[in-house]
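Next up: the structures, one after another.
Below, subunit A partners subunit B and then partners subunit C, in two separate complexes.
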Partner chain A sequence: MGETRLMKGNEAIAEAAIRAGCDAYFGYPITPQSEIIEYLASQEPHKRTGMVLLQAESELGAINMVYGAAGTGKKAMTSSSSPGISLMQEGLSYMAGSELPCLVVNIVRGGPGLGTIQPSQADYFQATKGGGHGDYKLIVLAPASVQEMSDFVPLAFDLAFKYRNPVMILSDGVIGQMMEKVELFDQMPRATEFDQTWVTTGKTADRERNIHSSLDLDPARFEKHNHHLQEKYKKIIENEVRFEKIQCDDADYVLVAYGSSSRICQKTQKLAREKGIKAGLLRPITLFPFPYEEIEKLANHVKGFLAVELSAGQMVEDVELAVGKKTRIEFYGRIGGMIPTPTEILTVLEEKYLGG
Partner chain B sequence: MEVKDIIKEENLVFKKTGLLTDKILSYCPGCGHGVAHRIVMEVIEEMGIAEDTIGIAPVGCSVLAYEFMNIDMQQVPHGRAPATATGIKRCWPDKFVFTYQGDGDLAAIGTSETIHACNRGENITIIFINNGIYGMTGGQMAPTTLPGMKSSTTPYGRDVELMGNPIKMTELVAHLPGTYYISRQAVHTPLSVRRAKKAIQKAFETQKQNKGLSFVEIVSNCNSGWKMTPIQANKWMEENMFPFYPLGDIKVDGKIIDK
Partner chain C sequence: MNEEIIIAGFGGQGILSMGSILSYSGIIENREVSWMPSYGPEMRGGTANVTVILSSERISSPIINTYDTAILLNQQSLDKFENSVRPGGLLLYDTNGITRHPERTDISIYQVEAAAEAGKMASTKTFNMIVLGAYLKIKPLVKFENVITGLKKTLPERHHHLIPLNEEGLKRGMEIVKEVQLG
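What follows is the complex of A and B.
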């Protein structure tokens, strides 16, 4: 394996992008993720691997540059934080509609509006339910460590190309800004061959011309195209659900949390066990597709779930969908950039389920 | 002599370029879009660069340009064509990339992308169809609509006190150091078509030589949006559009032409 370094989450994503053989990054600065473009600039990736790096005039510019690069079969990415990701939604909808692969990193901050630069998980709905206009989905990965910030970059590109669909890494200022040990994977080569069945690199005599468009004015044909997209999302649901379970098998109570809140909940879960409370933790790694089935299975034997988020309650709706009326679900969220402590969450668990 | 005796190779005086598909154009009869498509494609054919060219279709009447231009194409969000072209060109610097955009697309919603692509000196070609109106959505005011000109959102004529003055994007971007060749042309007469084609050729030559951004505005008609017959529209264009948007080269070899 590769070298070990102490890095910020944002830096790990940037380094991983170069190592994953990413061809092009286009982005616009915004806190708390500007380290991604700054780190890339410091590395002069055009010298290291030939990767293109361009600071765009806006997030609209950035996502549409990604759209162009992706259309030619290149591994293209961008990163931003909440307000910038809002600006990218039209472009993402076009990319999903015309089935092009890319990686978008959202280092979420508190909203609505300009909100706060403090961490938040309040973009869950936007990320997992479509975000822009039309019936489409992004594949959404939620790293919970700096290691995963690195590891999920090549994974994201693999998924993006496997399904020809945009993939989002949904993280937040906690993971983006914190420093941890990370074992970096070795440099992968940049692609030199492109699947001529769909890339727009110029129509050569030996193939049909390729067109990227999300437009179809014939409703019957367009319905078919939409069904095709839905079939693809179904396949993604069947094949790509990822999650982590910690001591769930004998658990009476299961915490459900992703990303930064799952890190806090790991500690809560330990503290609970130390107190003799049989607690477990289920951490969704893919937010779309969401691990409904696994949660439903757990619902058969646990006394209750506690969904913990840095939001007013978004992922908890998916937990509710999974559990139905099988057992109890409680929610605890901090919002506006506030972060709960492990003991705070433990107290909530005790109050809700054990009568304080 | 029968018709079939006349249709012979040696009698051919015109042949449609193979870089236009056989699809029936979606444009209104008399609209300049069709001629503009043809000369762009003819230039690409004559330069022998079709295998290395990627075109960008905008949002506007020419949204379906990819149905007619027989090359690899990408359709993009309203106004973002120069950004998408940038993304492609940066990854494939040896390919030819061009955008084809209307005035609403390029000079209203896409102003930022246009100016910044020009300013960065992206080695792309922008073909800008200025018909002074939003054709596709039914003839609303565009940023290029002339003072006093009627549109569906300025039914009593554009009041510059309320709506501001029309914007001359072409002159504006000519002042940016990233642009190398800039011209304004028309396609309503055989002579203007020949001139416009020359300008487009020069634009693609500029791209070939990696000199920076090349930009050709085509002042065109929108007879439907203007509520005129094609002949009336062309006459109105000559009398009203050309004085405000004068034809000719604006910047050549990176230098603005003194008039």
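What follows is the complex of A and C.
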């Protein structure tokens, strides 16, 4: 059994980073995720594990420091919130192109623009459909509790190194700022078991030199590289889909929600059952790869889905892709930093499907 | 066991730390807990609030809109949350600065003159502990010694010399809390 603590989601990510053997954190403060760098600083990780902690001059600085550290095969990470993550998109595209592993945490706040410091899930498209330029994908994990904020950090590093691809933990102000009980895992070594032959730490006589670049001016060769990336994303889709189902087997109506919305919907689902409405909840844990197949299976027997997001309707498009014309899909979202309550969502479910 | 509490007042009154001390004592007693702040105002001024849930079961939504207990420490919070207390629930408030008192007759209403009392103690920072003491007198959800442990866990080491004073505040709150009879 690990040590149990009461922690904010942001603090749990920071503690988990140290314990997961992260080599370096580069970041720039922004609400609602500044506790990550604040907590790290309080821990003096250079004393605990030798981990580097550096406040960069900007988000651009931070992501490019991550790029450099990742090139040497180190477990590097950064964190920010929406406007800061937008600034990092160029770096993410370059890293995906150069096939370098890293962890990027986005504690989403309301946009567009500088927006608000309140929670939002309106960065779903940016996280799952690209964000930067070019045909690339991030692996995207969506924690729904402080426990998962901790647990997903070592998972993210594993996936990043397994596929040599940036991984994003997509959370928001709700999970980042709330405190819950968290059982911390034991300290892991600052090393990875995955292949390290690609790192740029100095050429040895027995091999060709390693180069990390996303540039290739030969279209034929570059098409091959792009095919290779697409093959990799296909493997990720085959192997890494994660989701949680709550009472979906006999459900007439299934709520689909991730992260903070899924927590609110858990209560809605319970309240609905208490009223005799057969409701279930499907919670995507990986947003890329998205659990299309599972939702498609459910579509064969449920009367309808209700996608709930803190956005104007982004993940619902993936639900629509999965369901097609098989059954009804409704959407409910609050935007601009507002958060729905469980009873509010229940009312929507009743109005849309049961005629009020 | 499931207790859903909102604590609301001005940023700087110690509302968030009151919530975390309560949460920590809940963890010591093997409860599931969630602590959800209205973040932003605690650093920037204005009205702050925190929702604390203590439960014997896994907590679903940390965000709720009705409460078993509301601890309301300024007029704005009283105006905003009085109607969010569930029928049969509890409303605890400090009369300091209150011009419109609670009016509901379907809930229990208690007063604690915490601001006035804190002014008489060695430090006015005991305010939130007086309020917490008052609450725990009405609803003894967690053991007193576990609250003290929670206090130690949440208070930075450099403030640990203030623990006896805070303990005094908790006890004072327990003594001075009184029920209000309406109608």
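General remarks:
We take it that the second predicted complex is superposed on the first by the 351 of 356 C-alpha atoms of A that agree within 3 Å, B and C clash if a C-alpha of one lies under 4 Å from a C-alpha of the other, contacts with A are read in each partner's own complex, and residues count from 1 in each chain.
Rule of thumb we're sticking to: a contact is a pair of C-beta atoms (placed from the backbone, for glycine too) under 8 Å apart; a residue touches a chain by one contact, two chains touch by 3 or more.
All values reported here derive from a predicted model rather than from experimental measurement.
In the superposition on chain A, A:71 contacts subunit B only, with no contact to subunit C. Of the two partner chains, neither subunit B nor subunit C is touched by A:277. Within the superposed three-chain model, A:118 lies in touch with subunit C and out of touch with subunit B [touch as defined at top].
With both complexes placed on chain A, subunit A has more residues touched by B than by the other of subunit B and subunit C.
Within subunit A, no residue touches subunit B in one complex and subunit C in the other.
Touching subunit A in their complex are the following residues of subunit C: 20, 23-24, 27, 32-37, 39-40, 59-65, 153-154.
Subunit B contributes residues 50-54, 56-57, 63-64, 66, 70-77, 80, 83-88, 90-92, 95-96, 112-113, 115-116 to its touches with subunit A in the complex.
Residue ranges of subunit A in contact with subunit C, taken from their complex: 4, 6, 31-32, 117-118, 173-174, 177-181, 260, 263-270, 339, 341-344.
Partner subunit B is touched in their complex by these residues of subunit A: 23-24, 26, 52, 54, 56-58, 60-62, 64-72, 74, 76, 90-91, 94, 98, 200-205, 209-215.
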